[in-house]
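This report refers to the structure that appears directly beneath it.
Per-chain numbering from 1; labels A, B, C, D and E assigned in written order.
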Amino acid sequence: MLSFDLRQRLGDFHLDARFSGSGRLTALFGVSGSGKSSLIALLAGLSRPDDGVIEVGGRTLVDTGRGIFVPPHRRRIGCVFQEARLFPHLSVINNLDYGRRFSGQARDPKAMARVVELLGIGHLLDRGPSALSGGEKQRVAIGRALMAGPRLLLLDEPLASLDEARKAEILPYIERLRDEGDIPIVLVSHSVAEVARLASDMVVLSDGKVATSGTVADVLGRLDLMPEEMRSEGGAVLEMQVTSYDPRFDMSVLEAAAGRIHMPGDCGPAGRRLRVRIRARDVMIATGRPHGLSALNVLDGKIAAIVESGRAFVEVHVDCAGSRVIARITRQSAEGLELARGCAVHAVVKTVSLDSPHPPHNPEVT
Amino acid sequence: RAGERVTVFAAASLKTALDPLARDWSASTGNTAVMSYAGSSALAKQIEAGAPADVFISADLAWMDYLAERKQVRAGSVTRLLGNRIVLIAPADSSVALDIAPGLDLAGALGEGRLAMANVEVVPAGRYGKAALTALGVWDSVAGRTAQAENVRAALALVALGEAPLGVVYATDAAAEPKVKVVASFPEDSHPPIIYPVALTAAAKPVAADFLAFLQGEAARRGFEAQGFTVLQPAAGQ
Amino acid sequence: METGWLTLSPEEWTAVALSLKVASVGTLASLPFGVAIAWLLARREFWGKSLVNGLVHLPLILPPVVTGYLLLLSFGRRGPIGAVLEETFGLVFSFRWTGAALAAAVMGFPLMVRAIRLSMEAVDTRLEAAASTLGARPLIVFLTVTLPLSLPGVLAGMILGFAKAMGEFGATITFVSNIPGETQTLPSAIYSFIQVPGGETGALRLTLVAIAIAFAALIASEVLARRLSSRIEGR
Amino acid sequence: MLSFDLRQRLGDFHLDARFSGSGRLTALFGVSGSGKSSLIALLAGLSRPDDGVIEVGGRTLVDTGRGIFVPPHRRRIGCVFQEARLFPHLSVINNLDYGRRFSGQARDPKAMARVVELLGIGHLLDRGPSALSGGEKQRVAIGRALMAGPRLLLLDEPLASLDEARKAEILPYIERLRDEGDIPIVLVSHSVAEVARLASDMVVLSDGKVATSGTVADVLGRLDLMPEEMRSEGGAVLEMQVTSYDPRFDMSVLEAAAGRIHMPGDCGPAGRRLRVRIRARDVMIATGRPHGLSALNVLDGKIAAIVESGRAFVEVHVDCAGSRVIARITRQSAEGLELARGCAVHAVVKTVSLDSPHPPHNPEVT
Amino acid sequence: METGWLTLSPEEWTAVALSLKVASVGTLASLPFGVAIAWLLARREFWGKSLVNGLVHLPLILPPVVTGYLLLLSFGRRGPIGAVLEETFGLVFSFRWTGAALAAAVMGFPLMVRAIRLSMEAVDTRLEAAASTLGARPLIVFLTVTLPLSLPGVLAGMILGFAKAMGEFGATITFVSNIPGETQTLPSAIYSFIQVPGGETGALRLTLVAIAIAFAALIASEVLARRLSSRIEGR
């Protein structure tokens, strides 16, 4: 449970952001200079709002009206800053251990070992921060925040300077943190893929104001609300249920009213509910059911709407038994196929285009 | 010859006495006497290093001899100008009473306290004090109980502030400090004579002789005596 | 030149030992105060900050003799502070080596504070902020981040204070006089030599000793500083 | 023309990298800690190799054997560092102007205005760097390097902390720099998409050694050489020629022996040669020519190889009239379609999955 | 207490003016050397660095009188350096206010160098590296990056040097004596007062003037420093 309603002036820049959500992972999204880091600093207690309120998990951290301002060291909010901010006089291991010492926790070698292994920093433990590469620094900073046993995690572009391989390792860990722990997370990210994969809620900042906020499915489903450059990353998010797993092909089948989807890997026991994102750029429209095509996923539906998107593209919204799947195709194709509202069509999705699923954020649904 | 400048290097302890005299001389002759006060040692070495001094007034004979040996002062111009006394002092509120006589119980009078003096090795006032106490046969009993200051003024301050119950300073200093009282004077024969010699430097301008003569004159005598100095009879040479 | 003139008399050895003691104790004892004041000046805004800053610089501005005299007035046996200290802690300064250490500390204080303060001001406040988000309260932040990162300044401050203490005598001699074995430090002894004709050799000898000690301290501090900075390197 | 052959020890880390290429933009690729920034520092002259040689455009910058070491300020190499390294005591405009003043160029308000506008930093010019957001800092750092009139540009993850919108604006500019100017560029990037789009040559570093290097087409075509996580970004690069542009649909048609490709936007006059990247994950295989499908691009060919890729996937290499197109599909599909070496198949590519093309790097071909 | 005792005599005004001149000229004239030496010590390794470092600290270690005496021996009219300077540049130090400025500069030099050096060592070398890739040669890097970023230290060094100069008299009086209007600075004048019975009032008066000037300088420097740091803020 995170809610805030804040106003702050920084030179010419005015931050005026209000949000309330109970998501486990809230993504902060917005172009460079839109106020994401400023908001993070306010949440962490590193700057004071001109006026406003912050509540985390029912605890009021800031209320200018009532004169409440909990200082940062009593907030137990772990921060990963945009610049790593490692302590230059401490070795990596002491950086990692810093927070524990002051949060009054006992040393937990297992927790340390887990974090160290996850972040792949085992060989760096005795080095000083100045002997680390950019990505190594950022990984240590992530570890340091995790090790402090925070009650809320603020991550300001923690993965920006990491390679895909490392990201691919860390993302599942953040997912686990989100799903297992009771630590709510606020994540600043420029990557829609990351947000779609990780976040339950989403706040889009624009010039210091909240442009949109809500669940990720809602926000990402509204391609029209997104800036042009992001649209190709937008798409639909479907709630689905695992029906079977075929170990021969290492492939799971998921089902919803909209149809069946194939997903690589073991998605868990039958009956498990998952959220699947289907990017609009990964969806094709077929007028007849395709045969002899390597794409395994074909969802049947009716065209609910065709939205122009730039000169060359249109977005075709397909209503598949109540769920909406979005396809971004060329206008040329749309005309060639004579698509129109009400047409019965098939939405074709390549399996590998799906992001890994994760449990729906809303605990009641589980 | 009006409008000329005479630069006088004088021991710092003479400031009070010399300043008004220098003003008088300047006023009456139209020349200017510029006074530079510092420790005798510093002044002597500066003169040796070519300082533009015309007159040197030392607080003791040693530094005058030092310059005379190096031909930095005009032979024949060296004159014993002033004399002084050393006295035993106590804080003004002290009840101590002592008679200065051979075998006096100075150590007993000090009790736990210390005897404030100027440095007995290097500062003239300290040397004279040590000589006097030695002559009186009490030096050995108080040698370990002295507090030796950089200069006689600092020793005076120690007594004035009650840090030391007794001190040895110049009579001139004691007279000017209301917070101390003179317990007794040391006999003049208990220590070498306290003498402030004066001389023209080797590079002295002619007008400097005028100033030197003025210092030995009647007006100056009154000024010096008002400050507690003894004016010695001018005698050629030493 | 025979080597004999370099040999120190037992009394001079005493002065050397005393100088070392006075300078070390003065420097070390004033260090916590120096660090605290430096922090106040570097990181806090408060009413009267200029005054505190001015007071800290006072021993630099005043002729040492005046400082010594003021010390005598306040820390002397009958001085307001001195009397209290003697009564409550049995701490006596007048005519003791402790007084010389106090004088050394006071005279070196502005140098020490300024060096520490400069280093503290250069510490990135964002690191302090990071520490606080990790649960460290302000004192802990200070002890674990600000202070360690200001060590170059602390070291510089100590060496300045120590060097100053090795050279200081104007305030010392005025405050606690020049008692061999108790308050006669190396510089007092050097001064004494200079005051008499022909004392140059003796002054030179002691001066060389003072220089040797101070150089040794300096070199040690440089080595330490290099170690430190190679650890914090890359700032 | 850039070539180097360098060895350097940093603690336990040994850099030993050799490369020679004449590409206009060389991408430096590799996981976190593989030595990219260390190499950049060596090229810029900010650190000295234990031994080695660096030559840029025929000029020997370093030759330890001959005792040559040109100091950084005489190399005219513009650097954008991983951390922005702006001068904290100078305003943004003075940061931008810094290099010009010492490179002896006259003030060029037009150049400045162009860079400022491109980077969207016009409203920041009078601020100090401490009042900038992370992305703003990075943009100013890019501007500062550009304004110094360098003869070689080294960009160390310049776009990592930028949002997609900003990236989408800056990428074409880097393309223009690459194509118009005679400034060779070395770009560190974690994004295969970025590399594929921008680079002509590519150096893959791994633990300080050059794992692979060569033209982008070569390196990206060897999916088997790439770490697992990157494979979905790998694919084929085809040299194609513009045949026509249809303003009605804002769509160009490109042709090669392999077949025809549709590309959104105006790709230039007919006859212009371009390089097109086709990501393996965006390619489907059809056994019969698909009908009624929104995908416009169908390339005919024969299966040249089927390579296993993990448990769930295979890579199907399709030989289309001599050019190789790679499709990453599920093993299930491959078996379902009974694909085998030699089968005649169609590679189906969604138009929008193509990155913008750019001219081939080799000037002779143009 | 009537206000009259606070009124300065013309001679005392002269001493005040002279002190200001001596302190300002001494500080400003030594600044370039201080900056250069600080840079050498902060950023270069060279043979004899320890020696240079030691020499810089010497005026701190030596009793001021010894420093003054050494100055007299070397920069006096008959001293080896003094003679050469007079012949070639017509620059005379002995018993001139220039000599007092030299003494003030020498005495303040270790403080100045240390402050500047501390600040320089805190400058991020990566910024210097960035400047060099932008085409700035080392001197330019120093002038446009290192030096501006060390301004807090330069300022601190200047104020320390100035304050020291306002308080210094041991070396001054030994080197250039105590000649009113030429070499009698405020502290020398205070010294003269202290040497004579009843001079305390006079000494106090002049001391207050010295304090007032130094405080004014201090406050000015703090204001300047704050401006600076608000510009470079966020380091």
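Everything that follows uses one rule, which is that a contact is a pair of C-beta atoms (placed from the backbone, for glycine too) under 8 Å apart; a residue touches a chain by one contact, two chains touch by 3 or more.
Just so it is clear, the structure is predicted and the values come from calculations on it, not from any experiment.
Chains making contact with subunit A as well as with subunit C: none in this assembly.
The two chains most heavily joined by C-beta contacts are A-D.
Centre-to-centre, using mean CA coordinates, subunit B is 35 Å away from subunit C. Remark: subunit A and subunit E have CA centroids separated by 60 Å (rounded to whole angstrom).
Separation between the centroids of subunit B and subunit D, computed from CA atoms only, is 90 Å. Inter-chain centre distance (subunit B to subunit E, centres taken as mean C-alpha positions): 34 Å. In subunit E, the residues touching two or more other chains are 65, 69, 126, 191, 194, 234-235. With touch defined as above, subunit B holds no residue shared between interfaces to two or more other chains. Residue numbers of subunit D whose C-beta contacts span two or more other chains: 83, 131. Pairs of chains meeting the touch criterion: A-C, A-D, B-C, B-E, C-E, D-E.
Of all residues in subunit C, only 126-127, 129-138, 140-141, 144-145, 148-149, 151, 231-235 touch subunit A in the complex they form.
Interface of subunit C with subunit E (complex): residues 50, 53-54, 57-66, 69, 110-111, 114-115, 117-119, 121-122, 124-126, 152-153, 156, 160, 163-164, 166-170, 187, 190-191, 194, 203, 207, 210-211, 214-215, 218-219, 222, 229, 234-235.
Put simply, subunit D touches subunit A in their complex at residues 10-12, 30-33, 36-38, 82-83, 123, 127, 131-136, 139, 156-157, 160-168, 190-192, 227-230, 232-233, 246, 249-251, 262, 264-265, 281-282, 284-288, 290-296, 310-313, 327-337, 348, 350-353. Against subunit B, the residues of subunit E that register as touching in their complex are 65, 68-69, 72-73, 76-79, 94-95, 173-174, 176-184, 188, 191-199.
By the touch rule above, subunit A contacts subunit C in their complex via residues 44-46, 71-79, 81, 83, 85, 87-89, 98-99, 102-103, 128-131, 144-145, 148.
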